[in-house]
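Below are two complexes that have subunit A in common, paired first with subunit B and then with subunit C.
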Partner chain A sequence: MQRLRHGDEVAHLLTLIFAALILLLTSMLVYELWVNSHLSRTKFGWMFFWTRVWDPIFNNFGAAPFIYGTLVTSIVSLVIAVPLGLAAAIFLSELAPRKISDTISFLIDLLAAVPSVIYGLLGIFIVVPLMRTEIGPHLIKWFGHVPYLSVLFKPPNYGVGFFTAGIVLAIMVVPFIISVSREVLLTVPREQREAALALGATHWESTWKVVVPWARTGIMGSIFLALARALGETMAVTMVIGNDPKIAASLFAPGYTIAAVIANEFTEATGDLYLSALIELGLVLFLMTFILNGLARIMIVATERGGGQPA
Partner chain B sequence: MNRLRLIWRKSLNVVALTLTGVAALAVVSILFLILGYLIYNGGKSLSWDFFTKLPKPVGETGGGMANAIVGSLKLLLLAALMGIPVGLMAGVYLAEFGGKTFSFVIRYTTDLLNGVPSIVIGIFAYSLAVLPVKHFSALAGGVALGIMVIPITVRSTEQFLRAVPGTLREGAMALGASKWKTIATVILPAAKGGIITGVLLALARVAGETAPLLFTAFSNRFWSPGWSQPIASLPVMIYTYAIAPYDDWHRQAWAAGLVLLALVLVANVGTRLALSRGGAARSV
Partner chain C sequence: MKKRLLVVWLLAALAVSAGAQSNKVLLTGAGATFPYPMYSKWFDVYHQQRPNVEINYQSIGSGGGIRQVLAGTVDFGASDGPMNDDQIKEFKEKRGVEILHFPTVLGADVPSYNVEGVKTDLKFTQKSLAGIFLGTITKWNDPEIARPNPGVKLPDSDIVVVHRSDGSGTTYVWTDFLSKVSDEWKNKVGKGTSVNWPVGLGGKGNEGVAGLVKQTPDSIGYVELIYAIQNNMPYGEVENTSGKFIKADLASVTAAAANAANNMPDDFRVSITNAPGATAYPVSSFTWLLIPSKIPDTAKRDAIKGFLEWMLKDGQNSTEALAYARLPKPVIAKELKAISLVQ
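What follows is the complex of A and B.
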């Protein structure tokens, strides 16, 4: 009896060590990012975030163009992906028969499994030319003279740029929005739908005014999750954004993102300060996704636990 | 007036619901578009040479990516060796031993690690395995991918262990088996199917990762014997070839894309189908 219990304790301890290893690994990740960005942090301080210059030759580094590019491409992607994803999720949870819904969800999960470099490949050879000859000119024609919007849709349009990156990102994050939103929508109690229908609401009204508001915290969570993905996405964006560290209002202008500049310049970074600045960019990216993921997780759990307050 | 409003509400209903269907269809059709493009463009340029030859020097046409295929497999092997044991054991801990607070911390950290952008994992692996020795290596690439395997394995292992019916556990315990004996001989075998699926999905995911390899495994136009030299991999090759200005390289990038996508999708479809039909379903 004593021997057996002894075995249990060994097993407990052994698995505990491996679990603790994950904790150790993650803290080491933060530590390494912090320590290795020391040079850049002490030299530039908070100005790092506002400086618009990225000049490896004179050792002057600012993160502003990259943060701007990361945010703009992510916002564009959400503007496209959120309506599309939410609509698809509504279809899958409210309308489609279970079997069809499951099949489509399976296919959408496959879409999420496609490696990002393949999205980049399609981006370069399919989306960029399409953007240059078809989508771009049309958008400029339609929105180029609309007050306020015209700033965003200005020529020249090279095919690469914020908008193209946004489109590719939208396709990459939409599966996350759909699968999480669908699951959250499926947890909405049946009585909610029936009550709305019994009051004479149409199917759409019951969905839009009762079911969706009930699940809105979880849906927001899925959007945050998608945003975190979009911010950190590297390869596909690097291949279509044009890689030019400039801040331009037009969505057709080439830009740069945090992940893309790390991917492009890390191996070529000569000098400690240069490398340190790139690692500080990595730290910034880590913190952004860390906060978003944390918020998303809390929101999704809150809704699935019977959460959403009826509006 | 009331009648008009009714017509409006009913048409809105039809239009809005139709649009949701269109949205779902649009997203699914993207998958088929991707498949179509890769099969068309990749199939054209896929040849026997692609699997058996080394890349040719710049300017010469032909050649293949044999070294990148082997490289990817070697990197996956390293990732599996490093990531799976940690993931499995931690998963067992969370499902079978964990206390409340510490388990919560581990779970939260695992999710956090899962959400770290792959390029940042690359920086981490660089500072662990490249900086100290001052050169890129297959080993460093394996470290990067191995770290990414861990969180996916942990969560799927925990999930499938928890799905094992309590009666099995109680049965084993009632026969006098210790807790560890119960886990090793009853619970793990019962959850085997699901756990293997989770591991395969984790490997399929990191097989397509490019960003963490750029400055860990780097790349190589030749064979890379052993584990301590830079090594080529399919995703990095696709990237390098796609952004290069040569038509022949573009063709090869499509071919490599087709091979990579086929691998990843076959692994995904295969494991998911096995999961929904086979033995694992019983324990879920």
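What follows is the complex of A and C.
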């Protein structure tokens, strides 16, 4: 009995240390980004967020085009990936025979482990040409004259740009959404479904009105995991986005993201202010993930209040 | 018996001192990626000839090379663009000694394009290249492009400009050339490893630019000559200061350097873009090793000086096999003299 309690204490201490390490790591990361971006922060102040110029020669730096590009590509990817991923997860957990479901899930987990540069190549060789010759022209034909929507689908269409980056990101994050959502849906108790069916609900009604709401916290979690990956993705995005720091309404326009510009320019950044501005971009990206994660928490808490699964 | 012991001792002492002499000298360097294949070959061959000298080179980019040299974390740096006056001053303030530039090989940028229906090599005037990259020339059938290319049917389509998105010495050379031929470029954009491009798409690395050009109809971009040669990419001719259109190859690049060599400054920091000479290719450049003028560690100093001498004498013979243009003879002679500045 004595020995067992002793073990408890050791385990308690060890896990505490590891948990504290995470905290330490995060705070050190923020500290380093904060200190090393000092030059840029003092020179540009809050204007850093609004300035639309990125000029390493005349030392004028602004984050606006990169923040815009990061948000737009992430939103496009979620708009595509969430319905797709959720539908696939519902099929796999509710409708497909267990054997098929398990096989497909295994393949999906494999997809999640593919390195991002491979997705970048997929983007360059398949999505970009397809976008230029097929998808883009059709979208322009369909939506080019629809009020409001026409702004988003304007030529010129080079094949690279926000939309292509969004599609490649969607392909990359969809396995996360499917995999996590399916697991969560599978944990919904059998009684819930049976109760709904007993009340006269159809199979689909029981799934959509009972099972999915029960699992929504977990589904939300999967979406935010996907968002986190989309925000920080570097390699695949820089290969297909066109790397042009401009803010354009059209989804076919080339753009740039924070992670991409850091990866592209960090190695050759010689000036102190230039380097400092790149580090401040890193700080901005950290801040964006932090805010979005915070919003996610708030959303989850809010939806829990509305009923469903007790926390 | 005692005598014998003494002999043993002496032998042992000799062995120890000999061991000390054959002690390995490990040099570390970092910088430019463009000459990396050449450097890694040179360092390898040199190590075979002098097994006690081992040179470890990290191709982290020219900017990184300059930063590491300034921080003193490496024995030498390497860069595709020379250090500017501020950086040289900073080095002197931080380390109390000078930084020396030693040219090693030559490189060049070439314009590569993909224009519907055009199979022949296009000729580009200095004005047309500046106009295309500034965004003031927007159509392929613009008179400035068409004038030197009689007989070529150029389409009435928009030009898609492709440039490097990653900071790179290739971009430095290209923008250095454009700054020399266009005042508007010089004042609006300037030269550097990354610039604020007025127009165009960015591709990562030579392969990124080449890929975009290949895929995008009516596009034009710039890549390193070596990359174009090794990948059999078609590329255009560029007008030089004599008004001649020159197709880049190893000879025309060395010619650009030869003309610049006649008035080579003592610190070797010279740009040879738009160099004079009828046969000179105008978008050429040296690439440099950055070496401190004082190296306190004698073993390291001897190793670096030894390598420099070997590189200038024997090393130059193996450049062309890897598609690098060799240094002109007067430059080599001048550099051999400059080695004595390393103390």
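Odds and ends about this structure:
Definition applied: the second predicted complex is superposed on the first by the 262 of 311 C-alpha atoms of A that agree within 3 Å, B and C clash if a C-alpha of one lies under 4 Å from a C-alpha of the other, contacts with A are read in each partner's own complex, and residues count from 1 in each chain.
Following the convention adopted for this analysis, a residue touches a chain if its C-beta (ideal position, glycine included) is under 8 Å from a C-beta of that chain, and two chains touch if they have at least 3 such contacts.
Predicted model only: the values in this text are computed from it and were never measured.
Contacts of A:Thr26 after superposition: subunit B is touched, whereas subunit C is not reached.
In the superposition on chain A, A:Asp55 makes contact with subunit C only, while subunit B stays out of contact range. In the superposition on chain A, contact is made by A:His203 with subunit B only, not with subunit C. Among subunit B and subunit C, the chain that touches a larger number of residues in subunit A is B. Of the two partner chains placed by superposition, A:Phe252 touches none, neither subunit B nor subunit C.
Contacts of A:Ile104 after superposition: subunit B is touched, whereas subunit C is not reached.
With both structures placed on the common chain, the touch criterion links A:Gly232 to subunit B but leaves subunit C unconnected. By the touch criterion stated above, A:Ile124 is placed in contact with subunit B and with subunit C alike. In the superposed model, A:Phe162 makes contact with neither subunit B nor subunit C. By the document's definition of touching, both partners, subunit B and subunit C, reach A:Thr267. Once both structures are placed on chain A, subunit A residues 124, 239, 263, 266-267 are touched by subunit B and, in the other complex, by subunit C. Listing the residues of subunit A that touch subunit B in their complex gives 4-5, 7-8, 10-12, 14-23, 25-26, 28-29, 32-33, 36, 83-85, 87-88, 90-92, 94-96, 104, 106-111, 113-118, 120-122, 124-126, 171, 174-175, 178, 202-205, 208, 228, 231-235, 239, 259, 262-263, 266-267, 278-279, 282, 285-286, 289-290, 293-294, 297. Of all residues in subunit B, those touching subunit A in their complex are 9-10, 12-13, 16-17, 19-24, 26-28, 30-31, 34, 37-38, 41, 85-86, 89-90, 92-94, 96-98, 102, 105-106, 108-113, 115-124, 126-128, 147, 150-151, 154, 178-181, 183, 204-205, 207-211, 214-215, 218, 235, 238-239, 242-243, 250, 253-254, 257, 260-261, 264-265, 268-269, 272.
If you check the complex, the residues on subunit C that touch subunit A are 60-64, 66-67, 87, 158, 160, 165-168, 189-197, 200-204, 208, 211-212, 215-216.
Interface of subunit A with subunit C (complex): residues 53-58, 124, 128-129, 132, 156, 158-160, 238-239, 242-244, 254, 256, 260, 263-270.
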